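So that we are looking at the same thing, I have put the structure below in structure tokens.
When the chains are written out, they are named A, B, C and D in that same order, and each has its own residue count from 1.
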Amino acid sequence: MSNLDELYRDMLLEFYMDTSHKGELKESEHREGKNISCGDEVTLYMKHDGDRIIKASFTGDGCVVSQASASVMAHLLEGKTLEEARRLILNFISFMKGDTEDISEELKIFEGVKQFPSRVKCATLAWHTALELIEDIMKKKGN
Amino acid sequence: MSNLDELYRDMLLEFYMDTSHKGELKESEHREGKNISCGDEVTLYMKHDGDRIIKASFTGDGCVVSQASASVMAHLLEGKTLEEARRLILNFISFMKGDTEDISEELKIFEGVKQFPSRVKCATLAWHTALELIEDIMKKKGN
Amino acid sequence: MFSPENIRDDFPIIKTGELVYLDNAATTQKPSCVINSICEYYEKYNANVHRSNYSLAEKATENYERARKKIANFLGVEEDRIIFTRGATEAINLVAYSIFLGGLLQPGDKMAVTIAEHHSNFVPWQQLCKKFEVEMRIVDTTDEGYIPIESFTEVMDEGIKLLAFTGMSNSLGVVMPYHEVCKAAREREILTVLDGAQLVPHHRVKVDEIGCDFLAFSGHKILGPMGIGVLCGRRDILEKLPPFMYGGEMIDKVTIEETTFNVLPYKFEAGTPNVEGAIGLAKAIEYVENIEWNDAVKHVMSLTKRLLEGLASIEFVEIYGPGDDRQHSIVSFNVKGLHPHDVAQYLSSRKIAVRSGHHCAQPQLRRLGIKASCRASLYIYNTKDDVDRLLRALEEIVTVFPWVMRNE
Amino acid sequence: MFSPENIRDDFPIIKTGELVYLDNAATTQKPSCVINSICEYYEKYNANVHRSNYSLAEKATENYERARKKIANFLGVEEDRIIFTRGATEAINLVAYSIFLGGLLQPGDKMAVTIAEHHSNFVPWQQLCKKFEVEMRIVDTTDEGYIPIESFTEVMDEGIKLLAFTGMSNSLGVVMPYHEVCKAAREREILTVLDGAQLVPHHRVKVDEIGCDFLAFSGHKILGPMGIGVLCGRRDILEKLPPFMYGGEMIDKVTIEETTFNVLPYKFEAGTPNVEGAIGLAKAIEYVENIEWNDAVKHVMSLTKRLLEGLASIEFVEIYGPGDDRQHSIVSFNVKGLHPHDVAQYLSSRKIAVRSGHHCAQPQLRRLGIKASCRASLYIYNTKDDVDRLLRALEEIVTVFPWVMRNE
């Protein structure tokens, strides 16, 4: 496999093409994220029952990597408790940083991104944004 | 002759030691000059009868080259008309810049200074100052 | 006769042929003579300048000042009008700060920039205008990114005191009518700051023929090293302006109460200068002067044309800019339905270097209705083959991103 | 075990043995590894950083950021507190301008500098204080050029908000009690700007152990290339401060009306950075880290002692400074009856490089009652023989300037 094929694995392209989680969510909480170095922006929407994430979606413009990553993340977050979601996100960010190899199968498609340092930020943009949103929700709940 | 001996020729050292033109001149016109890059300062004094320089002297601190050059200049200017003095000065400045080789015998002692670009300014400081003073005097006379 | 083939061997990174380097508007590659001049400096005569009279320092100073002279000749001005800076950005900040702090622009005054500027010639003016309550007008471009002289004079006639504008836009490669602009400004006694970062590497710039009051450019975009640039100014204004940075070299006399400053150009060069950078830049200029420049420019123009035409024939590519000979060496484009980062990444895998993003020109891109683009930028060592390889790779992009065609 | 003999071959200019180089306080010579790292950069992976994702640009960016990390580790801080500048002078101007423009010092406030400062840490404060109507207090030195902690605290207790001072004076080589000074300042909530231009090359500086709020130094004085320097700051203050220069890299979003800025450290790095310089400096730091530093410092200390003692034994030489172990690596002196330029010129003819002049420290020299001096300054590659050759040459100066003895 060439470097490029590793970066744009078929599965990754599928998640990019999959628009089922793209679009605004009415009556949800949301947060914006931005990658300063390339200008990519993402807005993340989340519906929850105080404990569990019921629905997640995103809007925004960006490269294949950032869009695919937002898409797969929205997929995975649904149905998880806030705490589970938080741990999943932290795990993915560690994985992308090269701090751990331990990652679920569907996220391995981002393995090839790691060799392009400038693209790692694209892959983690939605995740960082989600983390902030979830921690906000948990904090509000805690109060 | 080593480079250094060329720089500090005996004649040059003699002019440095010769303090006959050092000191303030009462009832004269004067002007200050400064070499920014090394901080050397010289003040030049001149007595004239409107046409001819009667007496010239200088005060100031500086290196051997700048002091010797002020000393020999004060020597040479006395008795010259303002216009002759002006021409002599311009000739010396050209000589030090390497623009002419045509120079009177006593000023050849500065030949060795030319190979040290940072010292050329030391050699010409008093002369530039004298030039300004003389041109001032001539302008005032012209009016 | 100039031919890129004859010079490619002078550039170690180009010579290997491993990469089609088309990011010259960001920075150019360096010829060996420039690299060697840097090594030689550090291996043979490295010393601090203007401060000592031992032989090493004399030689360093001589070479530093000879570099200034070389650049002065290149621009057709006297040496004491050449101020060394870190790059175009510092040069523009220097003149902007000095103008504001020196009161040449005062609260209530007006000045103008264009919407085509690089952030380096936009944000300093915007921020200092806010700070000093000066009004900043904007000269707009056409939809193609060009600015006709009339758009400039219209804003000039609104009573501005200063105009800062680029001679050639870095996002689209559009050459502005800078001669006419400077002439019109001088007639109206409006100060001009010409951003030459893209212009100087491509056009023989003679400052006093153009009639700009200030010109800024970066060494690294004209074959020179990084960390060196030039501000060239009008002497009477430079003399009037207060210094920007303060420190060693730029002073005359310092007492506890007061400081008097050195003469031009040293008044604006605070601290130990980048001697290496100045020497390297002078070497680069020498290199450029030894090339048959008219032919080299024609070569780059013909490559630009070839690139524009080739791109126009690819149905899923969108091109920005006028697309005629007002556009030089730089072409901005997008592949429809694909983010420019992905395009650039794909091209990188094909060993072709282009830049993707906002090119530090967000106002211009927003004006065109886009957020980002791919930008291919050419220099004298590029060849037809480089252009063709880019075009071929773009045609083949559908093999990786199949939906590119489907979006049509 | 450290020995200068083992490292001299690393330095092309030192290796030849043609020159006794004793002007290290002005700039140091460069080891081959630093020179090579610059060549390698231009020959292998020159590109603009942070802006593109082709392989060359990725590699340049990686190396640029790795350089930042290296320097951060060296100073014991996090990377985002390391701001690359052209040198110490720009670093100090940056923090001074940001502090004044950001309103951290306001009309009526007080700040202080010492009389021992290099112009680069004196004139910016003096000029901006005038401009912004802030009062500048002066911490005086003793007649020997030292400043005891009490002199600092006395001025601190006059209600100053900021203290800018040098860790080691460049005219006399006096090491100030900078640890105590920063501690006393922090207790009083006074901001400290530590000029480390001379300190950092000689003492292992750990910023947070010292407790200064800002530290500035130049690469070229610690074996690195010219055109690169560092400002290291306290994160909370850096975040509060407005940018200094504006341009590419340092922005987040630019619209016609407003600009938001990038995160630390980029907010303070406007324009194309000197990538080459950062890489070269990191290489220099690596070189320094690979040396047994305690031994190297001891070596320079013992040379300083040898030089001080040797000079003291020449009857027509006058030495400035305390002459004990508060003085490090730098010795200022004059030959009685002779201008320092002539002394330096004579030494140059004997192939010995020292500096003569005011050393960009006019207030300090005036305080000592002199206008200029000769300054010999040592670094790790200097040897006993270097010192002895200087001493011997000075003893023999009477052969050229016979009146030197007569003046006794």
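Throughout what follows, a residue touches a chain if its C-beta (ideal position, glycine included) is under 8 Å from a C-beta of that chain, and two chains touch if they have at least 3 such contacts.
Bear in mind that the values here come from a model prediction, so they are computed numbers and not experimental data.
Colleague: Give me the set of chains touching chain A intersected with the set touching chain C.
Modeller: Of all the chains present, those in contact with both chain A and chain C are D.
Colleague: Compared with chain C, which chain's mean CA position is the farthest off?
Modeller: Relative to chain C, the chain with the farthest C-alpha centre is B.
Colleague: Can you check how far apart chain B and chain D are, centre to centre, with Cα atoms defining each centre and the answer in Å?
Modeller: Each chain reduced to its C-alpha mean, chain B and chain D end up 38 Å apart.
Colleague: Any idea how many Å lie between the Cα centroids of chain A and chain D?
Modeller: 46
Colleague: Per the centroid of Cα atoms for each chain, what is the distance between chain B and chain C, given in Å?
Modeller: Centres of chain B and chain C (C-alpha means) sit 46 Å apart.
Colleague: Chain A to chain B: how many Å between their CA centres?
Modeller: Roughly 79 Å, centre to centre.
Colleague: Of all residues in chain B, which are in touch with two or more distinct other chains?
Modeller: 116, 119
Colleague: Taking each residue of chain C in turn, which ones touch at least two of the other chains?
Modeller: Residues 51-53, 57, 341, 345, 356-357, 362 of chain C each touch two or more of the other chains.
Colleague: If we count contacts the way the header does, which residues on chain B are in touch with chain C in the complex?
Modeller: Residue positions touching the partner: 34, 36-37, 116-119.
Colleague: Which bits of chain C are touching chain D when the two form their complex?
Modeller: Within the complex, chain C contacts chain D at residues 12-13, 19, 21, 23, 26-27, 29-30, 34-35, 38-39, 42-48, 51-57, 86-90, 92-93, 101, 115, 118-120, 122-124, 126-127, 131, 138, 218, 220, 225-228, 243, 245-249, 251, 253-256, 258-259, 270-277, 341, 344-345, 347-348, 352-357, 360, 362-363, 366.
Colleague: Where on chain D does chain B make contact in their complex?
Modeller: On the chain D side, the touching residues are 338-342, 345-346, 349, 356-358, 362, 371-372, 400-401, 403.
Colleague: Report the residues of chain B in contact with chain D in the complex, numbered from low to high.
Modeller: Within the complex, chain B touches chain D at residues 2-4, 7-8, 13, 17, 38-40, 61-65, 67, 116, 119, 122.
Colleague: Which of the residues in chain D end up touching chain A in this complex?
Modeller: 50, 52-53, 57-58, 61-62, 252, 262-263
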